[in-house]
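Here's a structure for you.
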Amino acid sequence: MNGLMTLWTDTGIANFQWPELIMMAVGGLLLYLAIVRKFEPLLLLPIGFGAILANIPNAGFNDEGGMLYYIYHIGIETGIFPLIIFMGVGALTDFGALIANPKTLFLGAAAQFGIFATLFGAIILNLVPGFEFSLADASAIAIIGGADGPTAIFLASKLAPDLLGAIAVAAYSYMALVPIIQPPIMRALTTPAEREIKMEQLRPVSQKEKIIFPLAVLFMTILFLPAATPLVGMFCLGNLMRESGVVDRLSSTAQNELINIVTIFLGLGVGSKLSADKFLNLETLGILGLGAIAFSIGTASGVLMAKAMGRFSKSPINPLIGAAGVSAVPMAARVANKVGLEANPHNFLLMHAMGPNVAGVLGSAVAAGVLLAIVG
Amino acid sequence: MNGLMTLWTDTGIANFQWPELIMMAVGGLLLYLAIVRKFEPLLLLPIGFGAILANIPNAGFNDEGGMLYYIYHIGIETGIFPLIIFMGVGALTDFGALIANPKTLFLGAAAQFGIFATLFGAIILNLVPGFEFSLADASAIAIIGGADGPTAIFLASKLAPDLLGAIAVAAYSYMALVPIIQPPIMRALTTPAEREIKMEQLRPVSQKEKIIFPLAVLFMTILFLPAATPLVGMFCLGNLMRESGVVDRLSSTAQNELINIVTIFLGLGVGSKLSADKFLNLETLGILGLGAIAFSIGTASGVLMAKAMGRFSKSPINPLIGAAGVSAVPMAARVANKVGLEANPHNFLLMHAMGPNVAGVLGSAVAAGVLLAIVG
Amino acid sequence: MNGLMTLWTDTGIANFQWPELIMMAVGGLLLYLAIVRKFEPLLLLPIGFGAILANIPNAGFNDEGGMLYYIYHIGIETGIFPLIIFMGVGALTDFGALIANPKTLFLGAAAQFGIFATLFGAIILNLVPGFEFSLADASAIAIIGGADGPTAIFLASKLAPDLLGAIAVAAYSYMALVPIIQPPIMRALTTPAEREIKMEQLRPVSQKEKIIFPLAVLFMTILFLPAATPLVGMFCLGNLMRESGVVDRLSSTAQNELINIVTIFLGLGVGSKLSADKFLNLETLGILGLGAIAFSIGTASGVLMAKAMGRFSKSPINPLIGAAGVSAVPMAARVANKVGLEANPHNFLLMHAMGPNVAGVLGSAVAAGVLLAIVG
Amino acid sequence: MDISGSLVTALMLMGLGMAFVFIFLGLLFVCINLMAKYIPVDTPVTAPKRKTPVSAKTDQTQINPQVVAAITSAVQQYRKAQSV
Amino acid sequence: MDISGSLVTALMLMGLGMAFVFIFLGLLFVCINLMAKYIPVDTPVTAPKRKTPVSAKTDQTQINPQVVAAITSAVQQYRKAQSV
Amino acid sequence: MDISGSLVTALMLMGLGMAFVFIFLGLLFVCINLMAKYIPVDTPVTAPKRKTPVSAKTDQTQINPQVVAAITSAVQQYRKAQSV
């Protein structure tokens, strides 16, 4: 009967406590969003599953020797997993549209205002009793506005590991919500006439330009912002492998098997940070609120910048593509295309929106570098 | 001439001792079984090769800094490799046949009697002078009856690492021998009329059921047996990735590249435990004998359970499918099908046998959890 | 303004020093060779990129916690990465041509004279003031003559880690330069009549022979040279997986995804050793010079051996295939074929040159084992 | 622990373990039956359609009968035309 | 640090950060324009041609219209022939 | 160690190393010849048939001539039909 007692005292039933139950429900919610709503399932499914595993009483996934313990400390604390993912994203990214229309770089820059405004907002939130975000916390939260998963996870793992779970969940959730968050803002800030603007066809881009581009980005990061070189460097390595055309088998592996393997473990590792004591507090609510604000401000900044640039530009600029500057590749570009089609069913903005879209990736990596250099 | 002496004193010839030679021969035998006899070659080939490497005098594969040392301590001692394999197996498993005919769960349960009877047998064997199996040893040996490689390796790495090599070799060897071990038992326990029984066609299973199933399994494991959540959790993660349909690239990677990579290293790591001092002793003979008993009892229990259920069931049950409850996926199901075809050349039992077959995987994972919780 | 100062004092501009700038230029040169000149791009591209990253001031890639730090210490210092690559190379190698014409083994043996002559040369170079190669250094440098990347990296990581960067760069650069280095030597040592010699068609080789071959190689390494078993063992494992035909999915993964993943990280890790203090010194010049000598002597030895063997052989031997004995698979075999076609446009030597080519891989692994056993 | 003690423990483990396995899989049996009862089968998924890595191939196989027939006939026509 | 101090720092970070982002991407703008000016476009690469892993599929897709038409017609002919 | 000592060691290594390489590969030569003598060649394996990852592609390539011819002719017929 001793054994029976051991089994019983071991069961989840005998050990459940409310906080863990709630966190498992949060994990279940993430699975629901991933599977039924198809919200960024590649990450939210493993994150949700990891959250459930991490909160099982007596299972010890997060204890030394547990599987999630190894995944987190080996892959996320070191920054290795987000960097490998970023290399894969680089290998998946085509900078052609940006090189053909480099003005869109400024749209990608403007949209980063979402990050820095949110940083300010997070500090202001400290006025509310119960919130105590340090500057490092505020920076890690603000990067949600960059709408880039690996960048957010990398920065959070360096500046505010305790908030990593909430930040990653907020980042991926809002990236999935881009089709809901962005259109009202885009419509509010533009006139129908502006939304109908047709843009000139993009010039062809030579392979040489595409090869030199990642090297130029790396070179400038080295010159001006060494703190961003892990992120930007791995991204440029991936893109160089893609564009150079001489290491196709490496590029293909980086885009497929390698990024897939790491995605599974990155998701589980992020999920392991969704423990009750880190997640079930006021700060998480603050993070979710600030994240929504960050996306909204970023969208608005991009659109307004596009309107301003349209005034002075020789070639016409449809302000909707400014919204794609937050990145959330390629969702935000598709949203710009869709809202554009509502105004004019013959106006395809997708390729034009890819420019600010990929510029936004660079922009938020640069912003992350600035935050790492000053706050880190 | 100094150098010549160094070379000579280094050679295998000058350092061979009988135990290591014998273990290399064992490795060679495993290679023969894998390549010529096609016995579970995916694992026995790397295990055999690892056994040879591990026993080379002066090569130091198992010493600190040696390759097998790293593989074993990083991947097997931590349990990471068997868990990743189990995730891949989950992604490869279709629970459709089980969901369509849930009664077969009881066949998968009954076949686990092979495990627990063998546990008892291992303790009895202590009466023979020379055997001294602790309860942990006996549990790790008994799990061979689960006919599931990753489960056996995981449990042995936790409860009896010294016996890991012999246990893994026995488990995979007997899994390969299923077509030889099972049919006589199946024929002895059934009448020709019983073997001819035709079963009803399986109902179609909706995707929703297939998605909810792994979550239900996980949920129940959390409630009743947290000790089994590493195994069951990773298995369910793999199956959820497969069935959810939203992360096809992750599921595909888990089923192919990731499981392949880990299989190579798992095999080498298991082979590294086939060292002379751990393998060349009476206990190994005991393990091999107990393993054969475990498979036989499991097979018999499954068949008898199927006969008993057939008495009370409205829809007919062919008792042969009970033998598939030991798992050894999909070999045991194929054996059931083959023995059935001998009795009636128009009676295809394969799909019906897949139900108890995959139920057996869950059954032995649950049994492993019970053993871990009480003995571990 | 504090933040501005932080940013500024952090920039590359404010911290550049000449040595690091030069090393980044070296990295850029390697990228140029890889991308524009297509010199062994699979390795020189990541090596070049790694060299740039490693020399960024204030980025800390090589410091504890930096990405290259982890890659180097986990994958290269342990020898794991070159061994995995060697397993993949084994899975990619077809020994058919060698088994069909085993005499070519002696060509692969003769070409290793490049290694040992260079070892002697490196010690002689100590007579020049400024050079101080230890015997271990000299051995690691000499292995460049083996024309095998993974072997060179493995040996250098064990015997002379400080020289690893220069040695790997020299090895891969000269392997890419084989079409430039070898033909003049081959022409100088042969008469047009010799270059026109037609060889007999190769006999068909059975699968059994191909399966036994890697096992025989392993067996002899165990008997005579245990120090070479890590290299030879992994190579034979890969080849056995290929030829056994029973583990096709493992073989395919070893040849593709696994070798690709490891190649990316191996390249980055090697690049991380291209730091200014280790590379910008007289020794590097010595290594580059000795490497060129090693390739030339190896080529000459192979050709001369082939000429000598041709005198006594019943079946005719074209001396050009001796040059392929340095390995540099499959480049050197292609060069032999090309130079042969110049002499006789109907004489295809490619298959015949594959024999010495793969023999050269075994030859230099054996040579590496001898050096490890005596010097290591 | 003496052997008889171990034997008792092993017997206890046998009973407890088999009971647990049956209870666990029995509850799963209940779960599946509840699912079958309450989940509408409006979208019956025929097994081979959704399996990811297989699907690409399977789909091609499914096209096969038609395509093979088409190509076979085309080849035959082509050959006939050539042999004329 | 008191809140007002933090707020000042945050404001400073906002200005500095946005300035830096704009300067950085602005210099990249200059770079790209220089590239466009000095790199001859003699070999314009049409996007879908070089992408490695995609290429295999894309190429197939590019053949598709013709092949599909061909196979469709062949299938139709075959069926017609059979239904006769 | 003084240079002349090193030189002697290096020379010794050269002789020993080359001897070892030749002996090793020479024994392998003997092994292969024994294999050739005693292993029946009843099942000669034509090289390209078994190579796993390549096979898939090779097989497709092998089908190609026929298929390509078939499809080409079908396309031509289709085009002719359309241009009418």
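Labels for the chains are A, B, C, D, E and F, by order of writing; each one numbers its residues from 1.
The rule we apply is simple: contacts are C-beta pairs under 8 Å (C-beta built on N, C-alpha and C of every residue); 3 or more make two chains touch, one makes a residue touch a chain.
Chain identities (UniProt): A, B, C = Oxaloacetate decarboxylase beta chain; D, E, F = Probable oxaloacetate decarboxylase gamma chain.
Keep in mind the model is a prediction, meaning the values are calculated, not measured.
Undergrad: Show me the overlap between the contact partners of chain A and those of chain B.
TA: Under the touch definition, chain A and chain B have C, D as mutual neighbours.
Undergrad: Counting residue numbers used by both copies over all numbers at the interface, does the chain B-chain C contact come out same (over half shared) or different (under half)?
TA: Since fewer than half of the residue numbers are used by both chains, the interface counts as different.
Undergrad: Name the pair in A-E, A-D or C-E that forms the same interface as B-D; by residue number, over half of the contact pairs must coincide.
TA: From the options A-E, A-D or C-E, the copy of B-D is A-E.
Undergrad: Can you give the whole-Å distance between the Cα centres of chain C and chain F?
TA: Centre-to-centre distance between chain C and chain F: 18 Å.
Undergrad: How many Å are there between the centre of chain B and the centre of chain F, using C-alpha atoms for each centre?
TA: Once rounded, the distance between the two centres reads 36 Å.
Undergrad: Which whole number of Å gives the spacing of the CA centres of chain A and chain C?
TA: The separation of the two C-alpha centroids amounts to 41 Å.
Undergrad: Would you pick out the residues of chain B that each touch at least 2 other chains?
TA: Residues 3, 7, 224-225, 249, 252, 256-257, 370, 374 of chain B each touch two or more of the other chains.
Undergrad: Of all the residues in chain E, which ones touch at least 2 other chains?
TA: If we look for residues of chain E contacting two or more partner chains, we find 9, 13, 16, 20, 70-71, 74.
Undergrad: Could you list, by residue number, the parts of chain C that touch chain A in their complex?
TA: 3, 6-7, 10-13, 15, 24, 28, 31, 34-35, 38, 41-42, 45-46, 49, 52-53, 56-59, 61, 65-67, 70, 256-257, 260-261, 263-264
Undergrad: Which of the residues in chain C come into contact with chain E in the complex?
TA: Touching chain E from chain C are residues 3-4, 7.
Undergrad: Touching residues of chain C toward chain F in the complex: what are they?
TA: 94, 96, 98-99, 102-103, 105-106, 108-109, 112-113, 115-117, 119-120, 122-124, 126-127, 135, 138-139, 204-210, 212-213, 216-217, 220, 224-225, 242-243, 245, 248-249, 251-252, 255-256, 359, 362-363, 366-367, 370-371, 374-375
Undergrad: Taking the touch rule as given, give the residues of chain E at its contact with chain C in the complex, in rising order.
TA: Going by the criterion above, the answer is residues 9, 12-13, 16, 20.
Undergrad: So in the complex, which bits of chain B are touching chain A?
TA: 78-80, 83, 87, 211, 215, 218, 222-227, 229-230, 233-234, 237, 240-241, 244, 246-247, 249-250, 252-254, 257-258, 370, 373-374
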